[in-house]
Amino acid sequence: MTSPQSLAVGLVGAGRMGSFHAETLARRLPGVRLAAIADPAPGAARELASRLDCPVAYTEIGDLLADPEIEAVVIVTPARTHAGLVEAAARAGKAVFCEKPMAVTLDEADRAIAAAREAGVALQVGFNRRFDAGFRAAHEKITAGAVGTPQLLRSLTRDPKLHDPSRIPPWTIFLETLIHDFDALRYLNPGSEPVEVFSMADALVRPDFKDRGLLDTAVVTIRFDNGAIATAEANFEAVYGYDVRGEVKGSEGMLTLGDLRRTHVTAYGPAGAAAECVTYDQDLFHPAYVAELAAFTDSVRSGRTPAVTGEDARAALGMALAAIGSVVTGGAVRVGDVRQSPGYREPAVAR
Amino acid sequence: MTSPQSLAVGLVGAGRMGSFHAETLARRLPGVRLAAIADPAPGAARELASRLDCPVAYTEIGDLLADPEIEAVVIVTPARTHAGLVEAAARAGKAVFCEKPMAVTLDEADRAIAAAREAGVALQVGFNRRFDAGFRAAHEKITAGAVGTPQLLRSLTRDPKLHDPSRIPPWTIFLETLIHDFDALRYLNPGSEPVEVFSMADALVRPDFKDRGLLDTAVVTIRFDNGAIATAEANFEAVYGYDVRGEVKGSEGMLTLGDLRRTHVTAYGPAGAAAECVTYDQDLFHPAYVAELAAFTDSVRSGRTPAVTGEDARAALGMALAAIGSVVTGGAVRVGDVRQSPGYREPAVAR
Amino acid sequence: MTSPQSLAVGLVGAGRMGSFHAETLARRLPGVRLAAIADPAPGAARELASRLDCPVAYTEIGDLLADPEIEAVVIVTPARTHAGLVEAAARAGKAVFCEKPMAVTLDEADRAIAAAREAGVALQVGFNRRFDAGFRAAHEKITAGAVGTPQLLRSLTRDPKLHDPSRIPPWTIFLETLIHDFDALRYLNPGSEPVEVFSMADALVRPDFKDRGLLDTAVVTIRFDNGAIATAEANFEAVYGYDVRGEVKGSEGMLTLGDLRRTHVTAYGPAGAAAECVTYDQDLFHPAYVAELAAFTDSVRSGRTPAVTGEDARAALGMALAAIGSVVTGGAVRVGDVRQSPGYREPAVAR
Amino acid sequence: MTSPQSLAVGLVGAGRMGSFHAETLARRLPGVRLAAIADPAPGAARELASRLDCPVAYTEIGDLLADPEIEAVVIVTPARTHAGLVEAAARAGKAVFCEKPMAVTLDEADRAIAAAREAGVALQVGFNRRFDAGFRAAHEKITAGAVGTPQLLRSLTRDPKLHDPSRIPPWTIFLETLIHDFDALRYLNPGSEPVEVFSMADALVRPDFKDRGLLDTAVVTIRFDNGAIATAEANFEAVYGYDVRGEVKGSEGMLTLGDLRRTHVTAYGPAGAAAECVTYDQDLFHPAYVAELAAFTDSVRSGRTPAVTGEDARAALGMALAAIGSVVTGGAVRVGDVRQSPGYREPAVAR
C-alpha cells in the first residue's frame, strides 16, 4: 500500500550494497517507500529505480537532498564521502542512515554528529551485527548479567574472497572491516569504553601488495575501562566462507556467537561429516540488514533515538584510529591520545 | 506499489495461521496484494483486514469466491473443510493454495484434484518443509546422489505444547501432524512411493483423554517401493521446543536435518553449555512460510505447475489413512489397500 | 605387579574381539592377570598368549575350564556357542563374562542363568553401551527424572562395512546387532519392560544376498509397559562411520546421545566444514570395553551382583525373538508370546 | 608382568599431578614399572608408593637419582626446581621426563639441555596438548597442507577455579599456563618460530590481589617468522569448565580445535539445550597424559629422540619471557632480545 503517510526514503549510492538496501526499502518494510535514488555514475540510479518501481532517479546527490518529498536518506557511498553527506543531508533536514564508517577522522565525525543534532534529525549508522538475532541476544544476556563482569572478549570478521587488492585503500581493514568488530566489542561489553589498543597487521593473503600499503590481516588487542581485554581480528580471504564470530568470557560464564553453516543439513560420507558454509555477507546478515533499516525508519516515525548513534560510530572510529596508530608506531596507543598520534593523521593522508 | 498487474489474492480463514499468511500476502510478496479476507466468525475478517489495510472483508466464503477481482485464494480453514473449498474455488476459476491436509478422504482428494484440473487452475498444498532451506538442500543433494540409494529415513514433528486435548479431533496426529512427515519422507526419497505402513500410537501426554480418542504420540514405520524403510514420529508436547528433524541414510552416506537452536548463541555457565530452542513453528519455518506463498503466487503468474501438487497431498493422505488403518487393525496395512481398510472409513466417521 | 592375590582370568576365543579383550585383561586392569587363553583354532591361542606374555594356551576350551588356577572366564566365541559355554564355565565354578548375545533361544538363556545361580558365580553380559560414559550419564539423568516419563525412545547401530554377507547367519541383525539396541532401550527406560514388537527388515546393502536369508537393514518398533514407544534400527554398511546413537523424549524433556566425530577437530575449506568420523567400534567404545571388564572383575572380587545380568541378556533376547517373529509373521508380536511364535523356533533352525 | 626387561622409572614429586603420573606409570604402561618415588614432604612418597605397590620411597630426591636400578625419572616438582633436577638427573645418567616449564630462565634451560646432551640421555617435556588426539590430528593436517600457509592462530587455556591467589608466584600465567599455548602455537605453525610478542594482562578474577603481583588474565599477540599472527589467551577462573581450544586459519582453510563437553549427551528441557562441560584437566587430557608418558618410555627404550625436546621447552620459555617483558615495558618485545629485556630478569627475581 502506498498510503500518503508512508515514509519517503531516498537512497544515495546504487552500488552492490546500495542495491541491496534499495530492495529492502522498496519491498520489505511496510509503511516505507523508496521515493528516489541518487548516484553520480551514469545510468546507475535510473536502472535500479526502474527495476524497483522507484519513481525518481538522480545523478546529482544534491538534487535528492533538495527534494522536499524525501524525509530520510540512506547513504551507501564510498567511505570517505560518508561524513560530508551526513552533514549535507542533516542540514537539508533529512533523517540519515549512513553505512559504516560514518567518518574517517574524528573531526569529520564530530561535524556529522553536530549537524544532525543541530538539525534535530535522526542519525543511525550501519553496524549490522547489532541487528543480528544472535549478537542481540548475547548483548541482552550480558546486560542481564549472564556472564558476570566481562573479562575476555573476541570479535572477528573474515571475508571469503579478496577480489582486487589494488583497489583497497590503505587502512581499509581498520576503517571498514574491523570497525564492525570494534562496535561489536563495545556492544558486547555494555557500558564500558576502550582505553588502550595494540595492533599487529600484515599483507598475508597478497604479500605482493604489501609495499603498496595493503594490510589484509590484522589482530588488535584492546583494554577496556572495566579491565576487560578484547581481541578483534580480521582477514580478507577465508576460502571456507564468510566468518563472523564473537566470544565473551566473564566472571560468571561465557557466551559464544556465530555460526558458519549455511543450512542445518549435515552430510556424512566416507570422508566424515560435512556442512556447507555461508559465503556471502548478504546471506549471513540478511535479516539483520532488513532489521537495521526497519529500526531506522521506525525511529524516524516515532521520533525515538536510533539504536546505533553517531556517537557509537565515533567511538568505533576512535578504536580504528588507535589501531592504525599502533601499526604506525609499533607500540600500544591510548584511545584518548589518538588525535595526537601519527596514526590519526595517516588516514586523512590516505584519502 | 499497488500496480494494476499485481496479483489479487483472497484469504479464506482468519485464525492464527490465516493471520500469519495474510501478513505475508499483504507485506512480504512484491507484486502480490491481499485483496479480500473471508471468515464466517463475526468480525474476524473485518478486524484482520483493517489491521493489514486489506480493502474487503467477507463473512460468507462464497462471496469471496464469487468476487471477480480475486485471482487466487489461500485456504486456511479447519481441515475437514479443505477439500470442499478447493473444489468450490477451482470451479470459481481461482488458483488455490490450500493448507495441509488438502483432504481427509481419498474420494475428497480425488474430487479436489479433478476440479482444479478441469478448471485449469493452479493447486498447491501447504507442505512447508519443502520450502525450508535445509529440507530443500537435502532433497537436492539426495536427488544428486549424495547418499546413494536411500535405505533408512526418519522424519519427526513434535509440538511444544498440547493446549486443549478436548478440541483435538480423532486421527489429528496422522491427518494434520504426521502428514508433514509423510510428505517430507516422499520428498527425501525422491521418485519412490510408500508400499506398507505400520503404526503404534497412544495418549502419553494426556492419558486421561485416551478414552475420548486422543492420540498424542505416534510412531509409523513405512516401507517404500525402493526398499527404503522410514520412520515418522510425532508427539504433541515437547517442553523443550518445536522439534522438526529428518535423517536419510543411503548406500553412499547420510544426511541429517534440523536444528533446535533459536540463535547461534551458546551460553556456558557452572551447569555447562546451553542454547535456547525454537518454541514456535512460525519462528522455525518463517522463511519457509513466506517462500511457499511466493512459490504459489509465482506459479499462478507464470502458469507453471506448483511445487507441491494435489497429487502430493493425496499421496501423503494415503500414508496417513494407512497409518490410521494400522492403528485400527493392529497390523501392517498396504497403502494400496487403504480404500478397503477399516482405517479408511474411520476418518470419515470422525468428521 | 603379579601379586598372588591378583584375579586369574581365562579368555575363551582368540579372534578379533577376543584379542581386544585379552589386551585389556593383560595390560589395563590393575589386580587382574590374563592367566590362560583357549581357542580351538590351531595356533590362535598360543600366538595371542605369546604376544601378551600370557603363560598358558589351550586348544581345548574344556582344558581351560578345568584349570583350577582360573577364577573367571571371558567368553568371546561365536554366538551360538555362548550359552553352552556359560553353563559349562558356571558348573566349573568360574565367574563368567559372556559377549552378547548370551543365548539364541530362551531355553538356552534360562539354562545359562540357572547354572550360574546354582554355582553361585557372577554372570555378566557384554552390553558395552552400558559402560559408555554418555549412555551411562543418560541412564542416570533419566533415572533422576531429567526427562520425566519416557514417551519416545530411539537406539540405532550402524556398522561401517559389510565384509562378507555369505558368512552372516540368518537373524544376525536381530540377535547380534540390534540386541545392543534392545538392551540400550531397556537401560534408557529404566524399570519398564517391552510388551509388543513390530519389525520391518530387508537386504538393502546387498540385495543379491536376500534370497540366502541376509537381512542387513531393520527397523523395529517396541511398545513398553509404561506406554513408551521405541524404535531400534540397524544397518550393516554406513560408509561414513560407526554410528551408534540414542534419543529419549519424555514428558519433561529430551536427551540425545552419540557423537560420530573421531576428534574435536573441525576443518573448514572451500567445500565447507568437515569432521572425521569414527569408523571402528573399538575406537568408539574403547573406554567402555575396558570399563565393562573392570566392572566384571570388580564384581568377582567384591561378590557384588554384576551390572548387566543374565536376566538382562534374556530380556534383550526376548525382544530379538519377538522382532524375528514379526518378520516371519508380518505382524506385531507380543513379547510374552514369543515362545509360541513361529519366530521363536526360527533361530533354532538357523543354527 | 614384572619382566626383567621392563623399564624402571622413578617419580620425583608426589603431589596432585605427580600422583596422577605415578598411577599411569604403575598401571597403564605395559613394559614399564614404577620403581621408586621421591618427595621431600614427610610421608608423601611412602603413602603414594604403598597405594600403587611401588617398592621404594625416598624423602631425598638425591637418593632416587643415585639409585642404580632407576633408568628414567619423571619430574613433577614445583616449576622453579625443574631445571636443576633435569641437570642432576641427566648427570646421574637417567632419561628425563620433566613437567612444564622445564626452566624459568634461558640460562637454566641452556644448562639443562646441555646436561642431557652431554649425558646422552633422552629429555622430554610435558606439553600434553601434543599428545591429545585433536591437537595431533590438527598438527598433522596442517603439516600436510590442509590450511595452506597459516595466517592467524589462536590458543587458549582457561582453568575452572582459582583456588588460592596468595600461593601463585608472579608470572605464573606466562610461565606455567600460557607456556602450553606458546608450545601449542609452535606445534600448530610447524617450522615457524616466534619473532615478536605483545601482552596485555591483569588481575580480573581477583583484583584484590593485583597489588601483590597476581595476573590471572592475559592476552598475548605473537608474530611468527612466516608472517602468521597468533593470539594466546589465559584466564584462571572459567566457572563453566576447563577450556582449552585452538584455531588455525590459513590461505587454504581453517581448523578449529577443542570441545568443552564432558560426554556426548545433550539434554533438552524448557530452558533449551544443555550439555555438561569438562571441569577437570585430568579428565580433559587423560588420554594425552598417558600418551605422553608412553611416548617418553618408548623413546627411552628405542633410543629415538623424544617427541617434545628441551629445545621445544626453551622456545616456549623464550615466548613466555618476551610476554613478561611486554607486560613490564608496556610495548612489544622481540623474542631474540629477551635476554636483554627487563622481563628476562624479572622471573629470576620472582624465584
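Residue numbering begins at 1 within each chain, and the chains themselves are lettered A, B, C and D in the order written.
By our rule, a residue touches a chain if its C-beta (ideal position, glycine included) is under 8 Å from a C-beta of that chain, and two chains touch if they have at least 3 such contacts.
Computed from a predicted structure; not experimentally measured.
Common neighbours of chain A and chain D (chains touching each): B, C.
A count of contacting C-beta pairs for B-D and for C-D identifies C-D as the more extensively joined pair. Look at where the CA atoms of chain C average out and do the same for chain D: the two points lie 40 Å apart. Centroids built from CA atoms put chain D at 58 Å from chain B.
With touch defined as above, residues shared between interfaces to two or more other chains in chain B number as follows: 238-240, 252-254, 262, 268-270, 276.
Within the complex, the chain A residues that touch chain D are 149, 151-152, 158, 196, 198, 200-202, 204-205, 207, 217-219, 221, 223, 227-229, 231, 233, 235, 237-240, 243, 249, 251-254, 330-332. Residue ranges on chain C touching chain D, taken from their complex, read 1-3, 26-28, 30, 53, 133-134, 137-138, 141, 146-147, 252-259, 262-270, 276. On the side of chain A, the complex with chain C involves touching residues 238-241, 260-262, 268-277.
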